[in-house]
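Have a look at these structures, which come just after this line.
In the two complexes below, chain A is the common chain; its partner is chain B in one and chain C in the other.
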Partner chain A sequence: MTRLDLFLRVYLALIVGFIFLPIFVSLLFSFNSARFPTLPMSGFTTIWYETIFADPDFWRSAKNSLIVSACSAVIATFLGFCTAYTDYRYSFRGKSLFLAIILLPPTIPLIIIALAMLAWFSRVGMSGQVISIIVAHTVLTAPFAMAIIRLRLSQIDESLEAAAWNLGGNEWRTMREVIIPFCKPAILSSLFLTAAVSFDEFTVSWFVSGLNKTLPVHVLEIVQGTIDPQVNAIGTFVFAISITLVVTSQALIFFRLQRSAS
Partner chain B sequence: MTEPLVVLEGVEKHFDNFVAVQKANLTIGSGEFIAIMGPSGCGKTTTLRMLAGLDAPTKGEVRIAGKVMNDVPAHARDTPMVWQSLALFPFLNARENVEFGLKMRGINPAERRTRAMNWLERMEIAEFAERNVETLSGGQRQRVALARALVTEPKLLLLDEPLSALDAHLVIRMQSVLTRLQRELGITFVYVTHSQSEAFAMADRVVIMSKGEIAQIGTPREVYRAPKTRFVAEFVGRNNILPGTVTAHARGTATVETDQGTFKVKGDAAVGQTASVVVAADMVQIGKGENTIKATVISEEFVGSMVTVFLEAPGGAELKIQLQERALADLDIKTGKTVSLSWATKDGHLLLEEAT
Partner chain C sequence: MKRRLNTYALTFRLPIIAWQTLFFVGPLVFVIAMSFFVVRNFQMVETFEFTSWEKMVTRDYVWSSYRYTILMAALAAGLASLLAFPAAWYLAFRCQPRTRQFAILLLIIPFFTSYLVRTFSWYTILAESGVLNGAFGLIGLGPYTLLNTPVGTLVGYLTLILPLVLILQTVTMANIDDRLIQAARNLGCSPARVIRTVILPAGKTGFVIAALFAFILSFGDFVAPFYLGGSNPPTLPILIIDTTKAGQQWPRAAVVAVMMMLTLFTIAFTAIMYAYRKRASR
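For the complex of A and B:
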């Protein structure tokens, strides 16, 4: 192993540690019986999980989070698919402008999107509702959906669609029988990834959710009030769901790429 | 008189300012095996796509079975195509691929399955029916593609360079599969290729295209032995082309004066007309004869039993002769040596050229 190799390995380990240690600590202390997170740990308990599962506020915000992430994932993936297909299939005047606008949201600081959304929703009388969070999250996640599905479409043999027409399928039938099945791994992957992004998104949710809190907003409110190990339990719970969604999404892309490469 | 199966009448196809096909007139009879041949960009694939309805002609008329097809969309035609890339559906297994056309026609699953299996058996790949097409070999995939196109029992099958991705030995095998199929089914095959050997081996008639225009239509023997234009003479086979002027004409034999000498050739022409003498490389012998030319050996190309010798004649014209490798060994031909070449007057071909 060269010096550079060693350096890069250590560097990578530090980055992974930096990202995952806080989460790991949170996981650890969510099972710690002491009220304050101090070492040495005082004993194993599930009391904090029992507390949050008994708290109706937690269930309300968990339900909101699930509804929001499911709905925005489906809508964002649908929009992402339509845009990706438009980009793949058609060329028209102003297409690059169109694509630039589509892919804009992730480049804007969240705080600005959040403020703009809040202002807009209160103007049109939609602030503080679950549907406002769904709309906001759809805007945020649709570009990711578009990118994943467009990548898949770039692997398609261009004759495939024409072959389906040639065998008697009209445009809609071909969409259903060829394009969608071909994109299926990417569509599933996009559903999982956009759901994950929506599920633990905090900034925009906090601005637009009002009384209909999502889980990350609920966590912040607990932290603001007291020091309470419940936060560790909720954090672990949110992390478990998100990481499952993300890993599933990545696995779908990875296995599909491997199969088409062999 | 019943109309031929396919008629192209004054067909043109323009893409923006680019003319892909022009002045295309072609009739294809029922049960014919037609090969459309030409270098890349000559418009052969565009012609095929117009038959399939994937491109609409800009001008002219495409008729299939007496019906004008210009505005009939691809999915409403029965003109299946075998694609260069094969375009098999990667998410379906072999049988489902074959069933696709039947499914689009609303045929029930049980019948679809029976008919697809029949075709897979006929193509000798029934054992792979449930296999993912991505795991099949090139030859097997080729057979799936053929079965998929033929399962609807069309009158016309379009093939777009279907053998270009196969190994040489598989190409020969598939050629015999294709000719046998075409004969057994009695349907029309329109086969696009840039490969002369594929076209000549299979087709009843060959259509040679160049720069969007049809240069010549004829049997493989006709286009090979009697090319109508310089392009065809150069594109097909290994021809020696000696341009010159007709200086005499009597009893169906013309005398043509070229930079390399004066030659006699069968054919009718007016005195003073610009013309070329075309002699196929395999018609030229070493030694003096009716038409003789002296040339210097430049190089040899050895391809098994046949050898092509390249020579330079006076005036810089390149000549080619094709000999049996056995015959060459006896002749003591070496690079740099000057030899006499000759051919019989009846073996030459007179190519009259339009003044351009």
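For the complex of A and C:
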């Protein structure tokens, strides 16, 4: 059977290689001096990074991206928390419909959501603003927040809340002093994760952003022009930010699990 | 646990209902309504007419694009399921749990790298004078035309969906009751027979859901068919972009969007019914 295992290991490496090849190539060629990336590689350069960092458009869109991902992460996490708590504590008629309106967005193609948001925002007079991207991203990312926080709530000892009430805390105080502290790692983790998702999203942003483009929309516009290694540099930059957010998010959960295990 | 409604309970419920109605249900309903609007003198008029529907459903290019999109998305979902299976099988049954956890963590990373940048990267890899053909050139092969072909589109789709399918399949198989597999083994089943008679039926739900997600993602993606497939022919998402961005024909774009939604609902409903259907007892 070791032969089979060896074969499968090589196969798995190929699949993982296929998945990571574009990320790796992008990283590698962001330092390649030739304008068109090919093999064998030409010399090492940091010119593409210098180009993007000298470009005011880059900084403007990076600023927009940061604002959008920070704001939408906070709102989405709040919405996610409320939904998760409602799902955890209450059962009522129409609950599945209630859950559906927050959990459904990821199952609808982004291009449809993008068109719908564009049309709706211009109908209600909200189009082309940073706030429109923020609102759109909260809808897209809230389900992830809900999932993370719901998972944490399912680990809570149900008698904990009741005990707090017996000790004289009203519902609000129990929420503040028992539930929220218990969910803190999940809340933090959700903040980072939703920020990362928002930071990379480009379809809906492209449709609703107007002139206030975000970094991925900036990339989209460069890509539409020509082959430009700037994209590799921006991609690597964005990758570094996203990965920091995700690793922080994972580490928060992992750290917490280690602590509760010991 | 049924309790009386009070301010406390409503505080956690009403914001969601208001927010999602305003910014999720609202836009979706509006896009359906918009498919019945008309454009007169470059202005969208809110009315109820079938003009846009007639315009779109009588055009051959819409239907050929429709068929092509479904075909490519189905192909991508099937291919991803097949390609992921051996790797997922290995991760679920033949390696240490630590390795599996590490692999899943690793496979989550691509979700947080820009899909757009990855696609651009594939563009430079697959181009005539790109990285892949450069490598082929070193050993005296090629160059092969890979860009602006369905192969390019499929590579892009797979970049998007393969990590997801691999993760879902691995988790599905890792959760199959180990005693079932041991029992089959003890009864003398070969690994291939264990897969056919135990793993595939027991993990049906997971496999179908994974393929369904792969289909939905590919069906709605415009990046791969546009940049790697050269929009030749255009898929439905590209049609939406063209009619919205260039043509300013929002109602027609809405028609395409509604067609896509109806198709997805039908397919998702069928797939989910199939996935959760109890096996007929033999």
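Everything that follows uses one rule, which is that the second predicted complex is superposed on the first by the 245 of 262 C-alpha atoms of A that agree within 3 Å, B and C clash if a C-alpha of one lies under 4 Å from a C-alpha of the other, contacts with A are read in each partner's own complex, and residues count from 1 in each chain.
The working rule: a contact is a pair of C-beta atoms (placed from the backbone, for glycine too) under 8 Å apart; a residue touches a chain by one contact, two chains touch by 3 or more.
This structure is a prediction, so every number in the text was calculated from the model and none was measured.
Of the two partner chains, chain C is the only one that A:F92 touches; chain B does not reach it. Touch criterion met: A:N166 reaches chain B, while chain C stays clear of it. Within the superposed three-chain model, A:L252 lies out of touch with both chain B and chain C [touch as defined at top]. More residues of chain A are touched by C (comparison of chain B with chain C). Look at A:D157: by the touch rule set out above, it reaches chain B but stays clear of chain C. Looking at the shared chain after the overlay, A:I52 reaches neither chain B nor chain C. Using the contact criterion defined above for the overlaid structures, shared-chain residue A:I179 touches neither chain B nor chain C, since it reaches no partner.
Contact with neither chain B nor chain C is seen for A:C71 once the two complexes are overlaid on the shared chain. Considering their complex, residues 157, 159-160, 162-170, 173-174, 177-178, 181-182, 184, 259-260 of chain A touch chain B. Within the complex, the chain B residues that touch chain A are 52-54, 73-76, 78-81, 83-85, 87, 89-92, 100-101, 103-105, 134, 148-149, 152. Per the touch definition, chain C reaches chain A in the complex via residues 1-3, 8-9, 11-13, 15-17, 19-21, 23-28, 30-31, 34, 83-84, 86-87, 89-91, 94, 103, 105-110, 112-125, 127, 129-131, 133-135, 137-138, 158-159, 162-163, 166, 191, 216-217, 219-222, 227, 237, 240-241, 244, 250, 253-254, 257, 260-261, 264, 268. Of all the residues in chain A, the ones that touch chain C in their complex are 4-5, 8-9, 11-12, 15-16, 18-23, 25-26, 29, 36-40, 78-79, 82-83, 85-86, 89-92, 98, 101-102, 104-105, 107-113, 115-121, 123, 135-136, 138-139, 142, 171-172, 175, 196-197, 200, 202-203, 207, 216, 219-220, 223, 227, 231-232, 234-235, 238-239, 242-243, 245-246, 250.
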